[in-house]
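See the structures that follow.
You will see two complexes here that share chain A, one where it goes with chain B and one where it goes with chain C.
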Partner chain A sequence: MIRTVGGRLLGSLAAIFGASVVSFLFLRILPGNPARLILGPLASQQAIQQQVRLMGLDRPIYVQYLRYISSFFSGDWGFSYSNGRPVREVIATRLPASIELGLYAFAFAFVAAVVLALLSTYRHRPVVDGTVRAISFFGLGTPPFWFGLLLLLAFSQALHLLPGPEGRLGPAVAPPPTVTGLYTVDAVIAGQWGTLGNALQHLVLPAVTLGLAPFAYLVRLLRVNLLEVSREQFITVVRSKGVGRWTAYVRHALPNAFLPTLTAGGMVLAQLLAGSVLVETVFNWPGVGALVVDSILRQDYAVVQTFILLSAFAYVALNLIVDVLYGVIDPRVRTPTGAR
Partner chain B sequence: MDEVLLSVRGLRTEFVTRDGVFAAVRDVSFELRRGEKLGIVGESGSGKSALALSIVGLIEPPGRVVAGEVELNGRRISGLPDRQLQLVRGKEVGLIFQDPMAALDPVKSIGDQIVEGIRRHRRHLGRREARRLAIELLREVQVPFAERRLADYPHQYSGGMRQRVMIAIALANEPDLIIADEPTTALDVTTQAQVLDLLDRLVSERRTAIILITHNLGIVAEFCDSVHVMYAGRFVERTTVEQLFRAQAHPYTEALLRSVPRPDRLQRGPLPSIPGFPPSLAHLPPGCSFAPRCPAAQEICRDRAPATVELVSESTPVLAECHFARERLRT
Partner chain C sequence: MADVAIPAPGTARRATARTALRLVHDDPQLLFASVLLALLAALAALGPVLWPQNPLALNIGEALRAPSPAHPMGTDNVGRDVFARFCAGARISLSVGAIVTAAGAAFGSLIGLGAGTLGGWLDAVLMRVMDAILAFPPLALAMAVTVGLGVGLKTATLGIVLTSLPYFARLLRSEVIKIRTLPFVEAATAIGAHPSWIMWRHILPHTLSTLLIQSAAVFGYAILTLAGLGFVGLGAQVPTPEWGVMITNGLQYALTGQWWIGVFPGLGVLAVVTATSIIADRLRDALDPRGRYAHL
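Our next item is the complex of A and B:
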């Protein structure tokens, strides 16, 4: 699989261009006047006239598109009427919460998937394998909403081990001074260990809830690939050198089996970062998922538009990172094939 | 005569499949002396690879060695826990496999894969020292520009070059025994010859004993001292190479030789086929397992499995599993 750098960049640009066109057309293909959609149902006729001119809606469509793109890149993402604030501010208050939750959910899903896939395929142990497969089956089929409630009932209501649906911090805890917006990181930067602990406690249940389905998906993928690779002859060759079973497995089978999981992992992470309205609702998490759904319901399309474009950037960026990591693991990507 | 290096007694390996349990290696016994070159020939599926892996304890589920003893250098290695077998593998026994394309880890460099074997058994060696040894080994197996090619990956090597790397890995710790399972089958004819000559020279120099598994009687004729013919999980004939080409005690051996078009100039290439199919190991006939395909089969062959007959032909010992082996050699 040889992907040239030029080809990758071209693909990324195409993806971003496509997303920008979609988010641009989003406002224009919806029924009704975009100016009215943006200003909301209560705006006066005069205000709408003004908005039409302001948005350049009376200009040719490609001019409108270019204006839209250039203002996006200059940081002007429009105005959110339902929040009464610029879209950028609105998103800036919500996005870090989603990113933090997404990262922890991803870490959980990824680490758990690797560990369980290794355990389930290492040697021929039907009981372990069966258990892992059952967990993964359960994970893929369980609605996160229901699973989140279940976790809350068990660990918060019944056992009092973890906090209930209070959002990112307990009611008596103040957020750490903002640097990244991720409370756990900011707490470490500020040296506020109590806040760090509190933030982590609040992350456990939502992260597990959000990460369950991706975990199930990744464990299933990695399991199949591990089974396949461990039957390959080079594993026997490694063993014939006197290397132990587990070492051969982790040092040789895992890296080879890992490649498809890496690609899938990038997509999973992009999805997790975009937030999930169901999980955010259950745990009162102030993320972008709920924001976007709210905005759609209130026809506050400037927010939705920005969200689409930002997601596209996240996907493209993660894809590039995955490509780089792929090259680190797989020499066939970085060096040309050529029998010498 | 040299001392015995490897002694295998009653080795039996079974596979559990959906169709039931069957033995791929059926109570095989043989001995190998220091420096001896033994060829094992037989059709596909006769159990050659299973035997090779059973000797060094590398049979993985659904397979299992269920009986037998393996002694190497006078020490019993069968039934040892894997941790102790690891010290034998790669140190006292080196393995070479059939498909060089599949035998190397695609994401690790050639150097790392050679060094892994060296350092597994010589832990006191530093990285640098081990790499120096790896370069030396690559030179010995005649990989050009050894020093530069150490950092390359398998996909940058040709099939023949990879097989040289495999030989280097097998020889890395100067083992007493090499088991080479069809080491040249996947290569083109010219490369086959080069790799075989190289292997021959290296094991002769070191007086390393070798078990060479092959489909190809031509290779046996050129390379080996003695030869065992395997059929349906058993050795049906065991003798020297000279004797084998002179007269065949077992009808299967004869069929094997007949199927080579010009016995005077044995061609390199796969074994031409013998009429009929190898028996399914799950449903072996009750008597001689070759009986359904044997042109000389009699009533008794279908009822009773032949015992091993020990013979001497022109002062060469021959072991054969055929009711009529004695008569066949006399005529």
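Our next item is the complex of A and C:
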């Protein structure tokens, strides 16, 4: 067990190393002048030369790489000229909004996927099954920013059921006192139920938009797994022992069908990360994704570079956790040969 | 020995065409997907002939007109005809999809074939490079390429090709390793065939169905990613009638009532990606009895 975990850890370190080399290559070596990229289009020649020296761009490549990676790990992610603050500070202030949205999006994706997968496989119902498959095709084929636009048109503009793209709270509502940075949690802590309701209202459309792609992915995976597991012999055995159909399904088939879904964790995180970049702008959500889009428009690439590398690290870390967890839960994959 | 198993020329092709026709005929969903894709391809190819309006021509007097016979999809904020832009967008998206699929399949399979046949240190190095690419969420890597090489449609295409490589390479490598140990390959080796001949004549044909399935999946992925890059401003640049860019533009006007600017290009992306993923699904069912969800 320890050996496999060690092996995975080594593999992940190699992947992180590889990812850092790739991003170093693209963001540092290939472009004409990384210093100009960092300082922005308006910087003076003198400032750029100073930045070149500061970044060590006049040093050999391996020295540059070492500096690049060590400053990244020591938390020095550069300076965002359009915000006038260090990149780390800018990202830190934006992070809670993205985390809150991501959590709700994931909750929506997960719950909806489980419910719809159960509905479409529990009995042979071609209409339900066909609808679920159609929804999942829609979810995987829709540009998320466009889906957000459709939701806004329908639920905000036409039906007036939910607020438009106002961000996290209505214009007349003050944010709750900061504890976690997640408005819904902070509102509960402070006992401000009105604020909680308002924050939830503002979360519905962005969370559904962001959760659509992961939902579609999960429901496809779960549906196939459920169909396979429910045909296994142990289900027949459980049923022959007198356990009801529903109980056998939910207590015995569902947990086993979940197992392979766990490996989709990395994919889901990737979709949420990419999605935040594509979705937050639509709803004026003040998160990291919207920050990245703003920075692209202002050519403030220090922020964009940090986001890219950070998301690679998060992705590798999550895949490692999933691998190890999978080994803990399912002993069959603990041997190195079974892992791949 | 080479000409023993070759059927009469043309027979195989005719049979394949007939099978394909039967598949489409028996499956309304597949028929729908194929017709949809063919329709969009026709719009992309014949758009300028069928609807001779310049997708870039400004006409402020005609700005923000709702869909009408004169402008089937309305006009945008500077009076450009949205339908003409939609057709031009189809041309961009479908060509980028085709380029990414062709380049990804060619280079990816070359990497996979090389790694799988030659093995050793080359295999190790190539696969570590693929792992490094896979360490990025796909959109993030495509963003890195465009930021690094300069924003635009070409670099965006290049970035998407790069992210598609590992999917082809890993698949081909595992296929090659599996096929290499099969008896007919051993037999060919025993007869004394050259390894490159075996690769070309005996291994490569057996990977084609896998390659085809993967290509269909990558095609849709490429179009979706291109729209995403265009939306955040890293893909095609502003006057270009690319679907993602058009949606960004439409966003500002959607909530003041001019929904058509952003909604139609999104429908285009949805149609292409859904059609290709249905086709990829059916290809998988028809050609690959084993994996039912070995997709992106």
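Note that the second predicted complex is superposed on the first by the 297 of 340 C-alpha atoms of A that agree within 3 Å, B and C clash if a C-alpha of one lies under 4 Å from a C-alpha of the other, contacts with A are read in each partner's own complex, and residues count from 1 in each chain.
By definition in this document, a residue touches a chain if its C-beta (ideal position, glycine included) is under 8 Å from a C-beta of that chain, and two chains touch if they have at least 3 such contacts.
Quantities reported herein were computed from a predicted structural model and do not represent experimental measurements.
Chemist: For A:140, decide between first (touching chain B), second (touching chain C), both and neither.
Modeler: A:140 contacts chain C only, not chain B.
Chemist: After the superposition on A, what does A:321 contact: first (chain B), second (chain C), both or neither?
Modeler: In the superposition, A:321 touches no partner, neither chain B nor chain C.
Chemist: Considering only the touch criterion stated at the top, classify A:232 as touching first (chain B), second (chain C), both, or neither.
Modeler: First partner only.
Chemist: Using the touch criterion from the header, give the chain among chain B and chain C with more contacted residues in chain A.
Modeler: Partner with more touched residues of chain A: C.
Chemist: Check whether A:154 is in contact with chain B, with chain C, with both or with neither, and answer first, second, both or neither.
Modeler: It touches nothing on chain B or chain C.
Chemist: Going by the contact rule set out at the top, does A:63 touch chain B (first), chain C (second), both, or neither?
Modeler: neither
Chemist: Is A:277 touching the first partner chain B, the second partner chain C, both, or neither of them?
Modeler: Second partner only.
Chemist: Can you list the residues of chain A that touch chain B in one structure and chain C in the other?
Modeler: none
Chemist: Quick check: in the complex, which residue numbers of chain A touch chain B?
Modeler: Within the complex, chain A touches chain B at residues 123-124, 232-234, 236-245, 252, 255-256, 329-332, 335, 337-340.
Chemist: Enumerate the contact residues on chain C facing chain A in the complex.
Modeler: Within the complex, chain C touches chain A at residues 128-129, 131-141, 143-145, 147-150, 220, 224, 227-228, 231-234, 244, 247-248, 250-251, 254-255, 257, 259, 262-263, 265-266, 269-270, 273-274, 277-278, 292-293.
Chemist: For the complex, give me every residue of chain A touching chain C.
Modeler: Chain A residues touching chain C: 11, 14-19, 21-23, 25-27, 30-31, 37, 137-138, 140-143, 145-147, 149-150, 152-153, 156-157, 164-165, 220-221, 224, 269-271, 273-274, 277-278, 281-282, 292-293, 296-297, 301, 304-305, 307-308, 311-312, 315-316.
Chemist: Taking the complex as given, what residues does chain B use to touch chain A?
Modeler: Going by the criterion above, the answer is residues 53, 56, 58, 60-62, 82-83, 86-91, 94-95, 97-99, 102-109, 116-117, 120-121, 149, 152-153, 155-159, 161, 166, 169-170, 172.
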